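After this come two complexes, each holding subunit A, first together with subunit B and then together with subunit C.
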Partner chain A sequence: MNVAVTVDAREDIPAWLAYGTPVFTVLAALAVSAIALVVLDVSPVAAYRTMFVETLVTEFGLSETLTKAIPLILTGLAVYLPLKAGLFNIGAEGQLVAGALAGTWIGLNVSLPGLALVPLMFVAAAVAGGIWAGIPAYLRAKWDVNEIITSLLLTFVALEIQSYLLRGPMQGGTGNFPQSDRFSEAATIPELFGGVHAGLLVAVCMVIATYVLMTKTRLGFEITFVGSNDEAAQQAGMSKFYVYLLVFVVGGAFAAMGGISEIAGAQGRYRAGFEPGYGFTAIPIALLGRNSALKVMLAGLFFAVLFVGGSSMEVAFGVPAALVEIIQALVILFLITAEFFKSYRVGIDLKRGPAETPAHPQRGDD
Partner chain B sequence: MSEDTTLRMEGILKEFPGVVANDHVNLSVERGEIHGLLGENGAGKSTLMKVLYGLYSQDDGDIYLDGERLDLGSPQDAIDAGIGMVHQHFMLIPRLTVAENVVLGEREPATAFRSDAEDSWLPAAIRNNSLVQSLAGQFSLGLDVPEQRIQDLADQYGFDIDVSAKIWELDVGQQQRVEILKALYRDVDLLILDEPTAVLTPTEAERLFDSLERLTDEGLSIIFITHKLTEVDAIVDRVTVLREGRNVGTAEVSSVSRADLAEMMVGREVLFEIDRDAVDLGEPVLRARGVRATDNRDIEALSGIDLTVRQGEIVGIAGVSGNGQKELAEVMAGIRDVTAGEVVVNGDDITGAKPRTFVDSGVSFVPEDRLQYGCAEDLSVMHNATMKDFRDSRFGDRPFLNYGELRDYAETLVEEFDVRGVSDVTETKAGDLSGGNLQKLILAREIYRDPDLLIANQPTRGVDVGAIEFIRETLLEQRKAGTGIILLSEDLDEIFDLSDRILVVYEGEFVYETTPAEADRERIGLEMTGGGDDEGQMETSPPPSGVTQGSES
Partner chain C sequence: MVSFIAGLLDATVQAATVLLLAGMGELISERAGVLNLGVEGMMLVGALGGFITTVVTGSHWLGFGVGILLGMVLALVHAFLCITLKSNQVISGVMLTLLGTGLTTFFGSGWVEESINGFPQITFPLVGQYLVGIPIIGEALFRSTATDYLALGLLVVVWYFLHHSNLGLEMIAVGEDPEMADTMGVSVFRLRYLAVLIGGGFAGAAGAHLSLAFSQLWVPGMTAGRGWIAVALVIFAQWRPRRMLVGAYLFGLLDALRIRSQSISLTLGPDAPFASVINPIVEFLMTPQIMGTYPYLATILVLAYAVIRTKSDQLAVPSALLQSYSRETD
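Showing the complex of A and B:
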């Protein structure tokens, strides 16, 4: 039997494929994960029911999901906006930490009524995150230093600073734990509804602001143009320097708002081990939603479901935490692989009978 | 139909949304001939060839090669059938050697997976399994094929190429021969060349023609896509003319005149001569003094240029490519910094200002490299049409932008400048336009804003006859409207036809000034090569293209 695998570029993407791909890939990823569940003697159907259905229909599941989505959407935007200008912000995690630290410091050391203090915390966080993101942006805009490397490495610097501050100047509370004091009532982000804090409002506003920026303003036009061909953009009088700096600083501010939302909205105090990985999950979120800020929001919500549903499954069925991570990783992997199948057609030719022609007839006389 | 017919395309129909690219086109090619495919940009030449090469599938019609009907689903099918294509933009990897590039698309599996490898660590039973073979062919790559075999092939067709040289060491002409070699290595009988001379200097083009004649002597058939009539005369045996997606006719080149062909192409009589009315010169729009600038490698490219351009004046700058024209254009457009001297536009000294200041001062620029500076090929026609004017207040109050207005503006440009191939200005990407139409779009953008100074670098390069005529007329109209124009061109005829004043640039300096009326072509040719001054008979011809630079990498 003769088997040949062919890979061809697609001319155009059929509509059913464009819209169906995300659904198929998620189903495929879940099917593969089911093997692992069966091996652990857990019914995949029951497990997935817990993971998705219960997460989406119970009040607890919904409020957890929305809370989780806040930092994911904001960090997603932090990667999305630079991506539109052709830059990769791999350091959203560091910007998130920098913002969370600055916001926490304000929240613990300034006494104001809540209506003024919480916005001030957000502003402080945004400034810190913007500065943290501004460093790689400036290096890139001015001297063409690769922003992928600098933004990533600055994440580790931010984490070390966090570790120092919470074991030193910002340490508080009782006992000798590396954590801050609890936030006062005024410094805690108020609840919006059913256990979801008002950070959600901030996230939605930022999504809308980004959407308007990219589709309705001159600045969005410039960002799009610089992202597509920076040399032509400069020839037309646009400033690459300005655009690069702007998308990174604004992106850093988004990530930072995500950080302070999580600390002052969900956690209640800053613990030294704070390293949620949102800034890294933000990369697939931004890639999935790269066509529009609204899609970034959808992708952020989807990943929140995965995270929350995964934890419920872990508790309900006693499956190892690693398995939940495997499912999440497979979904990401399949979604990215799907891009390949969207652009290429893969076929397998089966020809029965003797293999008359060798697979590579060009091979000759050596 | 003659017995010698090797390729027959019958009734090929290919439609794109809103455009019929090929409207029942017939084409037949005989064995051993060079068959020209002539037509304006957007006439459907490239589409037809993409159908033949399996990149597009036709909506109707059949393709027969040596009497057999072909069903081409991909370029691989076309190659298997013996059809090769050399694209206008080379598909080579600069860091790899010639030999490696030649085998690259062939999907030679890595050594370990070869069925005939002797020292593979994989057992033969696995290696010979057809599924393993197929997967290895698809997903692994062996670049260590014997160079000798490829060298022999090159020698057989008289290509003097060192196959162990790296691509980046080769000049453009040699790189093109590597592309041809790639096709030959795949054993093709029919070779499609898509505007092969667009990137070549005249000398390199001569060498290409020699190579092609050698190929046809060996029995290959060649389809030669072009829109240059001189090339048709020089190399083509028979020619098929396409216009607006239809086959206008096929003719023996020896039996038709150049003017006939041009008329077939454009559908009306083409004026090779342009009337130029006298225009009164106005105030100087540009005054540059003592301008020095360096090229991308920090070597001085402009050594003290003085240039004044007045309203309604076209200053033609002639010179052999690489004598500072690119840098001159970029300095005047504000995208390259000067190292000395001053640039005064409309009386304002804007030396060293940002490109934005130049744009706002009324400077327009048609760059030499359309894809590098001229447009963003992944963005829509609308984005590209408004790339400079989107700041204008008519497109909405700051900071907002009215995309509906942008769209209307882009549609106006497309209509008034006859840019073809645009079905929807917000959907069609600039990169999908053919060269001439993209150039029209860029010119439209630069001219519609009514500039005071227009810098046009090689505005008609790689553009078809109809579009050339249009672009030249547009430039003259703009001159009448009082714009000062700097025209840089390697086409001396163009310089002569359009300019009020001619300057010859050589090694970053103006060495000669004249007017078309009193110009002496020989003198200009001499000045262009640095032979104008009394003592210096300088050797300026480039080293023979067969020589590769040392291979330190």
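Showing the complex of A and C:
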């Protein structure tokens, strides 16, 4: 019997599929991760209950979630904005670290009242993060050097420099650990409400600013245009060079602000490994929320719940929090699988033979 | 001094093998047009799988085989997503690294205390017993683990395969110009699947070598970024196996040096001219963490230099890298 699988491009995406996909992929990822829990003899229902329900109903859980969401939303934007211009910033982690280091240095070495010092720390972080992101952006915009590779490699350079500084010039405390001195009162981001620091305001403002930029301004239109067809955009008189540089530098500044918020708001000092790779989690966040900055915020909140819930689950059941990494990866792997079914209609035809070889094969260009 | 250099060379060979194995896999996959950023995850899966198998069965060769197999399983997911479903190769790769890290941390935490009888140091067969006596380099080159020799042997195989066998040349064609290859009757899908699976097997082998020969223990996250260095190495080597040999030993030497950099003094005497200016710079450049940035910086420079100096159509980068291929059915 001949079985033929036919794959046809969909002309329009049904609404249920467009809106249901993120929800479906998250559920599928949780279902598959449940297997890992069963292997360790833990009831998935009880574990997920702890992970989600207890995180969302307790005051502590909510406050932790909002705090963790700050760097996640900001790094998410750092990937989202370049993505809109057709660029891939997978080095948000490095930009976060570069910015956090610069901001920490200001916080430890400049004495000003808190109202001036904290904003100065944010500015220093944003400048450092912007410069760190500016290197791959300039190489791409000027000479077409692949920004994916360079931004990624610069992340590891930043991590080594972090390790150097925390064991050398910036090391503080008793000198036994790779960490800086504690911040003074003035260098600490003040509390906003219920244990959540004011970095949340920064994150929300940046989400709104990005949303307005992308939906209401001419510049946002240019970014989208360059992202969808850079040659046409250039013929229309837009500068690809300028747009590429802008989205990356602003993105790097976002990631950097996420880094300094986490340190000056939640941690109180710079500790090596102070964050579990938010800059990499930013990639799934930006992908889940790629349609709008507001969705990036929602995706950031969702991943914050995962992180906080993962730690509570570790405490309650002795299950390694690495389950969170598995869930994260599966969400995105299912999402890109679903992308395919969203854009193509797959049918299985039991009667017809295999499709004939077309006379003029063409390359599908990503 | 002699023992220092001998020790350094020995560590260089060991570090280079990891990079060589992982790098060869990445090179094959990229030559066929598929970037694999999941190497780090595939290495971790190979390292843990190989370790557990060796603990349970006592056979390090069986462990090595399981490591290869598990690397291929993860690579199969990458191949399915990138080749069949035409998903973005970068996203799939990064997520597979995350998945591999998560899975091995999750399931590997109970195996940290275990110990194994890993690959023993052996003298190179036949001629080794005569050559091992060569001062300084003898021990490093001719008394090593079997996997060190295997990696070098495989490099010759990979070089011959890619540049002198029909299948290898077809694979390169698929990475350069898939539609042309397709019209010539080469199956783009089959060859890309093959390349990605071979790549995953190599990454798994690199991981298994790490846990069974290099450190002979399991620690979560033990690859410590070596998978990313392997990705860098392929670019540094400009996608050529012979340059990769040089690059792997260069990066391996840097890795070996940074652990030992505290015991080397390259600073000038206090009376030398400009000593007060030069010495702090030299000391800074020799700090282990600063030395850790060199492979990445060197790769960025090589990449930028290659792109800037050559016209884009003469680049060593496989032309169809990152592009999925589909036949348009009209």
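One rule holds in what follows: the second predicted complex is superposed on the first by the 323 of 366 C-alpha atoms of A that agree within 3 Å, B and C clash if a C-alpha of one lies under 4 Å from a C-alpha of the other, contacts with A are read in each partner's own complex, and residues count from 1 in each chain.
Simple rule for what comes next: a contact is a pair of C-beta atoms (placed from the backbone, for glycine too) under 8 Å apart; a residue touches a chain by one contact, two chains touch by 3 or more.
For clarity, every value in this text was computed on a predicted model and none was experimentally measured.
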So, A:Gly220: does it touch subunit B (first), subunit C (second), both, or neither? first
With the two structures laid over each other on chain A, which partner does A:Val315 touch: subunit B (first), subunit C (second), both, or neither? neither
### Task
Name the contact category of A:Ala232: first (subunit B only), second (subunit C only), both, or neither.
first
(message) Looking at A:Val38 after the superposition, I want to know if it touches subunit B, subunit C, both of them or none. Which is it: first, second, both, neither?
(response) neither
Notebook entry, point to check: Of the two partner chains, subunit B (first) and subunit C (second), which one does A:Val157 touch, if any: first, second, both, or neither?
Noted result: second
Larger residue footprint on subunit A, choosing between subunit B and subunit C, goes to C
*With the two complexes superposed on chain A, say which partner A:Leu56 touches: subunit B (first), subunit C (second), both, or neither.*
neither
Subunit A contact set shared between subunit B and subunit C covers 7, 355, 358, 360, 362-366
So, in the complex, the side of subunit A touching subunit C is made of residues 7, 36, 39, 88, 90, 139, 143-146, 148-150, 152-154, 156-157, 160-161, 163-164, 167-168, 280, 283-284, 287, 320, 322-326, 328-330, 332-333, 336-337, 339-340, 355, 357-358, 360-366
Within their complex, subunit B touches subunit A through residues 56-57, 73-74, 76, 106-109, 114-116, 130-131, 133-135, 137-138, 146, 149, 185-187, 333, 335, 354-360, 365, 367, 372-379, 383, 386-388, 390-391, 398-401, 403
Interface with subunit A, subunit C side, in the complex: residues 37, 77, 81, 85-88, 90-92, 94-96, 98-99, 101-103, 105-107, 109, 178-179, 182-183, 220, 225, 228, 231-232, 235, 287, 289-290, 292-293, 296-297, 299-300, 303-304, 307-308, 312, 317, 320, 322-330
Interface with subunit B, subunit A side, in the complex: residues 1-8, 11, 215-221, 224-225, 228-229, 231-239, 355, 358-360, 362-366
